[in-house]
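A quick write-up on the structure given underneath.
In order of appearance the chains are A, B, C and D, and numbering begins at 1 in each one.
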């Protein structure tokens, strides 16, 4: 190790070390010294995050690709470590979120130190640290062994974080499903690595890159990798764990999970498909595109039916993963049919949306956590009016909503716009069927965007506007500065990434250079203000201009109209003269999404029942009216329940071998032994 | 620089002329109802009056409620800046392409809906919920239709696309026919006109757009109404630009500009007459017929895209 | 070869072909009897126009004859027969309940894509400038079949059948400048006879079932017990689906 | 469709010219138009409040917006929310049930605002007068700028009343009362 080139790697090690230290420190955070967690642990996390940002940025911008190896583990196979632009990019993403939660956490975790939600603190700190270490190390991994070890570490510590508030049975069940699917996914990933390793003759990524795969085996490797990493990133129909697991974890952990953990799946896909397997086939792209579209659409439709804020956000993670996959799929289709530039565009769109989603979903989960912290309410139908009680949180949450609804000039819009632009280049393809299908996928993306906007009008409008629907919400206060800082950081980044897309895309050039040996030369052809992904003639978008114009209109309108105007008078809300409106008269989230529920009827399993109690007597009067609505995700009932039944049936078939008699078992092992000996002989 | 000056001037003209289109629409509609019409500049009088009225806010109106009219107007202003009205290849068209244009509409709608929910009245929530439903169904159809056009012209830049269509002269493109129908339906739905919504209704229960702005008054209302007139004009100009671009100026010479101005005025007046006839012969739909209506629009735009790929590119 | 490079006549052929396809979709979405019949007549007219145009482009005079045939049969005679039938059977104000109209239309779009996919393999066999309309003709056929398979009332079935025939005729016109005249004459008269026979059948159906709702035909089956229908959609009134 | 359009074309514009009962009235109406133009930027918006009327007045008021009287042609229109309104058109002997509603409606209307009481009930309490169920004339509840007597008053009278209120406002604009 020598020379300044090694610095990114050293920084990355420092980041890992800091994370571990934060874990160690938080071990002392027993009931009497909570500050070990609140300050020590999160302080180290801050350093860790900063260090990984620095490492990632350095590796990305300096186009470095450094390797290193330790003689750990088994004697004949070292641990290989590598940092290159791709892992650097994801390290930055992870680091940003870690910094945000390190600002947010100290206040937020006080909730667990005492009060109604009190929990033992050390596990939280330790498992958070392990969780983050897992992610950092799997990004640095340069062989399948290290990758899988830390992938498992991430999954397992994730399990303990999900089940942290284990008093509720729901959380335990959620954690179980999470663990189950995480392991199924890990298994499939292992298969994929197995195929690659078999052809490459070794576990290190370099050998895998060198592997020459026949199209069949390449497709098998792709299928396993896609399924495995897809499980982790929660694509339909492997998403069932996600909406249960993410909401029940502590909010800053939910932010990490939705923001960073599921992105590790994306990282794995890009790493294995683009980097390790190499030559991409367009048929794969079609598969990815179809599943991406399905995930996006179903994700947002399921999200619309939720009234638990964090659950709603979790479903939106599925939607956004879908959008990312659409970008990846388009990129694969174009690369597979030899359009390098368009393939690069798709990849850039996908990666851009990856970091965007990390930012605004982190922000939104932290916002939901802030609401939870003050009101202990996670049901939208019991919130309302928070904009008056928590104005800054409301503003920051609004930024997140606007960004995730893909509205200009925020970041979500840029990446969706890039995806649209990629899809619009479909005429470049030879295959007529693809030329017809891709625009339809684009239309589905449009539908997704519009529905997402509807969903976040619901989330913000019901949650933060109107009148408070419960006493605890009416008494809410603004959250401490630290939490605001954490959210503010992410909100600012949401705006910056929305306003300066050209800079971001140019910064991404090393990644595409490394993966597909191509970049977007014309992205900033007209200067930093004009984003022109393909060519200025074809499409252009000037986010800075949009921002300036809106601000200008705001200022001018304010000056012209407000100048000399009498201060507005406050009066009752117009209630048709009925008398004071109560909070019960407002639209609830269920009511808000009713029209959409009716339009897209078949998508959910809806059971809706209205129980009316009528008083006896000559003229029966309705004395009580109870409305209950339950919408369920078909995929659970249609995919998983049958599988479960199948497994049970199979188990019942072979139950006879379980006699409970020790001798039988001994006989079994004896026979097994004999069989094996016979095989090896 | 002169180009930018022209762009600014055209934008201002656009904003200033929008109420006039509303007035003309009103006039034609009155005549279709066999009644004497108010002056064509009646909308300006309404705006002037509203600007002069004293503001009145609900007790629990938040800062968002007061900010929304400006945001909505700003979004519409930007949208107006990128649509070629009397001349093509303006520099301002590079600010945003047609997808961003849809984004501006979405932005305005998003905040209007939030404003509807802010006061916490039932009508506001109702309007917001319905508006978001309708727009969610209209947006894919709209984008699909414009995708067809932009695939034909291989650009999403409005000015360039208009110029391409202008250059290629009269080509009998079935895709354009279907796209026109789809876009017309979407425009009717998005500008909240019959049969999707009735701009003149007083019945809160039948409102879509109006229900969200029941709480607004004074200059806020003025801004919002003006913005919606601009939106109507933008849709009208889009249809005119894409399907009948003939006459629009291609350089900044005085003659060309005059011709462009006359042409666009004539076309818009004609379009308004068509719209009024349409509104006169149709009745407002039940809310839950609207999805089928928009589904039909989506089908049309799909058909447009397919005919483009199948018949026109010779794939 | 892009459309802008074609001559005006070829462009017109393509345009009218697309319109004919659109009329098929209209029939799919049209719940009422009278408009259904009129839409069918419009489709016939469009096909006639297309064949005239093809005749002009390709100088095949016999196509004028087939165009005239189309006009007389598909635009005048058959619609008139169906109209009179439905008036006599007093069902001309009937409207069916179409379940999930939007899904049905999107299914139709899927069929168009499919027929495009199918046609891709055969277009290169034909050297005509308008050969890509073969996909459209296949689509018209498939849509006619879809119409027959989703509709309940017998009139809609007949119209579906007829529009399938139109699709075949159309395919012949755009791919090989029409079939030999004698074949077309034969087909035309078959169609005519068929429509008359349908007319006769309608009366018998109505007499024996009391309705033209083909769902009622399950009574004919000896295997299953005829179930009292949940919805009598075939002859239901103007109730709308939502 | 064609039928409808044909009918429209056949009928043509039916709006009657400004009513000429006598020269004075006619002149008045003309002048009043001028006043509307001057005061409220020639665009008056009205919110109609039925404070317990028998709906006789409502029938006449709704007649105002038909093509014959065509109040819309004068730039006046009825709106859905008092927030959008400049004038309240109140009918009926204010019943106790509607009293609060009337107050709230008045409160919800931004200044400058006018109130016109329509019908004998609105002006005087009519045959109901003030009783346990009614508060009598509208002026007992909210300040009234103009009254239109009659049971029910014909549309032209109502029109005159509306315009009269606007004219009276011109001289000495009373400040916002709330």
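Here are some notes:
Definition applied: a residue touches a chain if its C-beta (ideal position, glycine included) is under 8 Å from a C-beta of that chain, and two chains touch if they have at least 3 such contacts.
What you see is a predicted model; the values in this text were computed from it and never measured.
Overall, the chain located most centrally, as judged by its C-alpha mean against the mean of all protein C-alpha atoms, is B.
By number of C-beta pairs in contact, B-C leads when A-C and B-C are compared. Chain centres here are Cα means. That of chain A falls 50 Å from that of chain C. If each chain is reduced to the centroid of its CA atoms, chain A and chain B end up 35 Å from each other. The mean-CA centres of chain B and chain D are about 34 angstrom from one another, to the nearest whole unit. Each of the following residues of chain D touches two or more other chains: 81, 83, 108, 110-111, 176.
Each of residues 113, 116, 120 in chain C touches at least two other chains. Residue positions of chain B touching 2 or more other chains: 54-56, 204, 214-215, 218, 288, 291, 298, 302, 306, 309-310, 313, 315.
Remark: the chains found to touch one another pair up as A-B, A-C, A-D, B-C, B-D. Across the complex, chain A meets chain D through its residues 569, 571-572, 574-579. Of all the residues in chain C, the ones that touch chain A in their complex are 113, 116-117, 120.
Listed in rising order, the residues of chain C touching chain B in the complex are 1-4, 8, 11-12, 14-15, 17-19, 21-22, 25, 29, 101-102, 105-106, 108-109, 112-113, 116, 120, 132-133, 135-136, 240-242.
Residues 432-433, 436-437 of chain A are the ones touching chain C in the complex. Those residues of chain B lying in contact with chain C across their complex are 168, 171-175, 177-178, 286, 288-289, 291-292, 295-296, 298-299, 302-303, 306-307, 309-315.
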